[in-house]
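Same chain, two partners: subunit A is paired with subunit B first, then with subunit C.
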Partner chain A sequence: MSVQTTPVASRLASGGEQRRPWSYAWRRARSRIPLWHLLWLLVGALVFLVPLYALVQYSFSGLASGQSPFHWYLTVFDDPQFGTSFWMSLQIALETVVVGLLLMVPTAFWVHLRLPRLRPAMDLVSVLPFVVPPIVLIVGLIAFLRPFTWLIDRPEVLALIYVVFALPFLYRSLDAGLRAMDLQTLTEAAESLGSSTARTLFTVVLPNLRAAIIGGALLTVAIAMGEFTIASLLAFNTYPVYIYNIGTSQSYEAGALSVISLLLTWGAMLALFVLGRGGRTPTQTGIIK
Partner chain B sequence: MALAEVAESAPRSAVDAHARPSGRAGLRRWAFLGVVPFIAYITIFLLIPTGELIVNAFRDTHGHFTWSNVDQAIHGQNLAAFGFSMQVSALSAAMGGVLGFLVANAVLHDGIPRFLRPVLVSFSGVASNFAGVPLAFAYTATLGTTGLVTSLIGHVGLHVTPLFLTNLLGLSLVYLYFQFPLMILLVLPSIEGLKKEWREAAANLGASSFTFWARVGLPVLAPSLLGMMVLLFGNAFSAYATAYALGSTGLVTTTIGLLINGNLTLNPQLAYALAFGMIVIIAVTVSLYTLLQRRASRWLG
Partner chain C sequence: MSSVQLRALRRTFGETAALQELTLDIASGEFVSMLGPSGCGKTTALRIIAGFEYPDSGEVLVDGKDVLGLPANRRNMGMVFQAYSLFPNMTARQNVEFGMRIRRMSHEERTTRAAALLDLVGLAAMMDRYPRQLSGGQQQRVALARSLAIEPKVLLLDEPLSALDAKVRVQLREEVRRIQRQLGITALYVTHDQEEALSISDRVAVMSNGRVEQVGTPAEIYGAPKTAFVASFVGTMNRLEGTVVSQQDRTVQVGSTRFMMANHGFERAAGERIDLYARPEDVGIAMITNGPEPPPGTFEGKVTSVTFLGPVTRVGLMTDLGPLLADVSSAVALGLSLDGRVAVKLDSASLRTIAG
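What follows is the complex of A and B.
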């Protein structure tokens, strides 16, 4: 058998090479040095990097001679409003994390343990904030919350609203964490040793969910620190609103503030990737647009 | 081994069935109480406000039923705002979709070092979250009147109009910054999911990379690629902060913003109707996305 086919095969192969040696060599060379693909990687890199470079360069330009290159950054740090708005955003972010985790950790735990049939419904609910984006929700919230002036006049209301937008990411992060840990076996083991459900949650489930909780919390902080639409329309002077207001009159300072904002996003995302190397955590929030 | 497992699990489930008397079943009946806080929260901060705005879209200032708000929302300037929003969303979704696909496909090529894949994913995560006011300033520094690229291409004789960043192409270019990274994150798993056998079979039959994509890859991926672009459309459609910071006033979102920005002389009823219109359009895009995803899973399951 092999004696018969070998000459045929070799003839076919050599014939193919003889008929189009150039195109064969060209194709091999091209698959080794994929110019087409390199081109698109380059275009992608340019689209990503050029605006960043322009922003950073802008924040170091427009200086009078003898001024520090960090002049606009120093000017911004001297502005007392920088501190107040930044602190306000940070406080709101922490409140959002606390409320979001208090709401979502028990819910996700409970759904996995006792109501697994609700999981598709939970997936559906976590898409809802996408259907109702911030600019739409705020219209309804103003109509609904107008009578409750004691609530809508306090910055804490922002945290309560941001929880809605953080829910999908908190839930997905916790859901992935819970899927990875064989909850049923762990809780059965704990219960058979006489542990209560609450004790199981605190001493068995939570320590195993640490990475998922920190990941979800970081995304929540990124959302709350960057959200502009609702804060600006409710007239709260959060950090992004402050950047916008500065930008209307002092564009170099606004450039410096935007760089700081960018570094914060980088920090949060970097921490997320360092932590989330094992599991698949969502990274795209799509809320700040 | 397998038999031993079955043997072990069989009596265990039998014991379970006996050990779960009515107490457990009774517990299960009350188990839904555990999700009540979550449902209550969603109801108060998402469902009721959304319902309120939908109802108000069909009410006049005295609370009577009327079509006039919706009628106003789909005529004249407001119709133009919907049109412009949809154009920007469609163009930025098309550009972001194509660029994202090409970049994702490039990084998966055998000739590209593997370490670039996680790097690309990380960068996409950062870029898709870098939006809003800071992004607007970054693009003003790039393509504004004194921008970096503006002055660079000025040497070649290309002129950027002062309001470029608020017109269709300009705004779509700005949105591209958060659209194409999102596309990369969405499309990478799909391209990786293309069966390696198909590629090898095509190559064995003498197909070039182009022929493979034209005859096999794209037809198989088409529904899912289209679905992702629909998602990008919705993503751009609901964007507000970036356009507002750039001074754009022609979008639906910025029109709503102007109407409710604490200015009582303006027409809040119209804001309800416009927001309702947005919900309708986004609901259509989400349904379309779901439909296309279902179609896509036929080959990529």
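What follows is the complex of A and C.
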């Protein structure tokens, strides 16, 4: 992406300074970004873009004459399983976010405020899902959940499992958000004005954690929407499982599905970027009159 | 308006004793500063009053009632913090209204009162700004308005000006005092800045090692320090090591000079060592113009340093009484040269002794 925009950017720059020749802007851009860097950017971009191009191209090929170019996309949308599996995954993802936030927001708040000595321990615990190989985690979790037969047949069980996977992202995000504000002074100020702890949490801490919460939540959604192994092992037909099943028999439809998934992911990333920027509230500006 | 009494407060953090039997009375409507070096326990004492810390023993009485059993959010104390403490997600007005909302005041009452308070601190025009759009001084003004909005029994200020630059600091401390007087609110102000404490307080409590060394009006603290610590911490003080010559005549020998002390109740036996204290502004100097001897009533000194401080110049002197600092008018100091000989005049009346 960046490789494509660089010449455009330099042309735009030259547009802003009309009397200077195009070559000036080019040289100026060049002096900022050495040629070597551009070359590496190009190589890096190709690694990403070529498979993407192939995927998109594939999802528009293999058509009989007279068929709509979006035939495979339409086929996918016509399949009732597409809708049910997608909604199932989305529902699980939202449940994961709700459970994860209910669990982690008070925990992170409390650890920061009252038990700062536990922070290194929390840091360690929060990376455990990264360190333990996923297959070990899954086998262990399934063995643990097996006795709870009423739970293991319901899709909600996946949300409980995904909370564990999302823990590092949620905790890290909240931790960074809490570090960015002077939590102790803010809570003490609220307390001295008569606020209860719960009120302080809801009216002072949470609004200032907005960006961190949104960021953590979107990453959690991405994880829950994309998880395949556990869902497949527990025989739930979630969206990733559906894609996999389609891929084994209908390859063009799988191509179209993958493109749809990518667009959804990018949409989520864009939302994260925009919401994160909008919610940025610098706590300490440090401007001294 | 309420009175505050601290009774024998003790607080230890691990090995270190932050407060040792701290006792202090603050009358209703009074502005008292706790002044001391960092680590003397002044902030701990303030946080105990506010309810953010608890003492190991002792009592905090507000209007005669012990408040230690109450959590911070039910003590109704206004607090202004050293760090910027405005809620970043709220405008100045919403910050001021925060405490009033909790007290379920009506919308009209809230807005009227918030506007009045922001006007009081001179920020009526910036009501709808967010903290990040305000300067440090403005943020502390809003914080003050916010703490006053709940009509607190006591206003607690924990070095509220130390993050600001010098000029704003002086301006704002005068405003704090003006507002405190106007509202007649009891205020306890913590600072390590002696000029700040002396300039705005009704009384100053000088603290060291978790204890109050001396409580008194700024003039008493400066003019009649009761302990060696207060003498050395507040302002600059010359210390002269002398020996009592006669208790009856109250004479003390320092170097080759004898002083007759004016202090009442001078109870030192002859031959006892004694420290005499003098402020630099009480030490006078004059050029030795004619002859080798300094005029009678003065003694000789050699200039070791000259530091220009604006209206006065601080002159370092070496005399046979020991090293001395003298503050002289900068016009006088123009004629001085390093290593030059001067006549030094030190009146017995300006010498102080400290009991103990």
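As a working rule, the second predicted complex is superposed on the first by the 237 of 289 C-alpha atoms of A that agree within 3 Å, B and C clash if a C-alpha of one lies under 4 Å from a C-alpha of the other, contacts with A are read in each partner's own complex, and residues count from 1 in each chain.
In the analysis below, a residue touches a chain if its C-beta (ideal position, glycine included) is under 8 Å from a C-beta of that chain, and two chains touch if they have at least 3 such contacts.
Quantities reported herein were computed from a predicted structural model and do not represent experimental measurements.
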Which of subunit B and subunit C A:Ser261 touches, first, second, both or neither = first
Considering only the touch criterion stated at the top, classify A:Ala189 as touching first (subunit B), second (subunit C), both, or neither.
-> second
Which of the two, subunit B or subunit C, is in touch with more residues of subunit A?
-> B
Could you tell me if A:Gly44 is touching subunit B, subunit C, both of them or neither one (first, second, both, neither)?
-> first
Contacts of A:Gln81 with subunit B and subunit C, given as first, second, both or neither = neither
After superposition on the shared chain, which partner residues are touched by A:Arg199: those of subunit B (first), subunit C (second), both, or neither?
-> second
Partner chain in contact with A:Ser68 - subunit B first, subunit C second, else both or neither = neither
Common interface positions of subunit A, toward subunit B and toward subunit C | 283-286, 288-289
The answer for subunit A against subunit C in the complex is residues 181-182, 185-186, 188-196, 199, 203-204, 207-208, 281-289
Considering the complex alone, what residue numbers of subunit C touch subunit A?
-> 50-52, 71-79, 81, 83-89, 98-99, 102-103, 131-132, 134-138, 143, 146-147, 149-150, 156, 163-165, 168
Can you check the complex and tell me which residues of subunit A touch subunit B?
-> 27, 31-34, 36-38, 40-41, 43-44, 47-48, 50-55, 57-58, 103-104, 106-107, 110-111, 114-115, 118, 125, 127-145, 160-161, 163-164, 167, 222, 226-229, 232-233, 235, 240, 243-244, 247, 251, 254-255, 257-259, 261-262, 265-266, 269-270, 272-273, 283-286, 288-289
Subunit B residues touching subunit A in their complex are 28, 31-32, 34-35, 37-38, 41-42, 45-46, 48-53, 56, 99, 102-103, 105-107, 109-112, 116, 118, 121-135, 137-142, 147-149, 176-178, 180-182, 184-185, 208-209, 234-236, 238-242, 244-245, 253, 256-257, 260-262, 268, 271-272, 275, 278-279, 282-283, 286
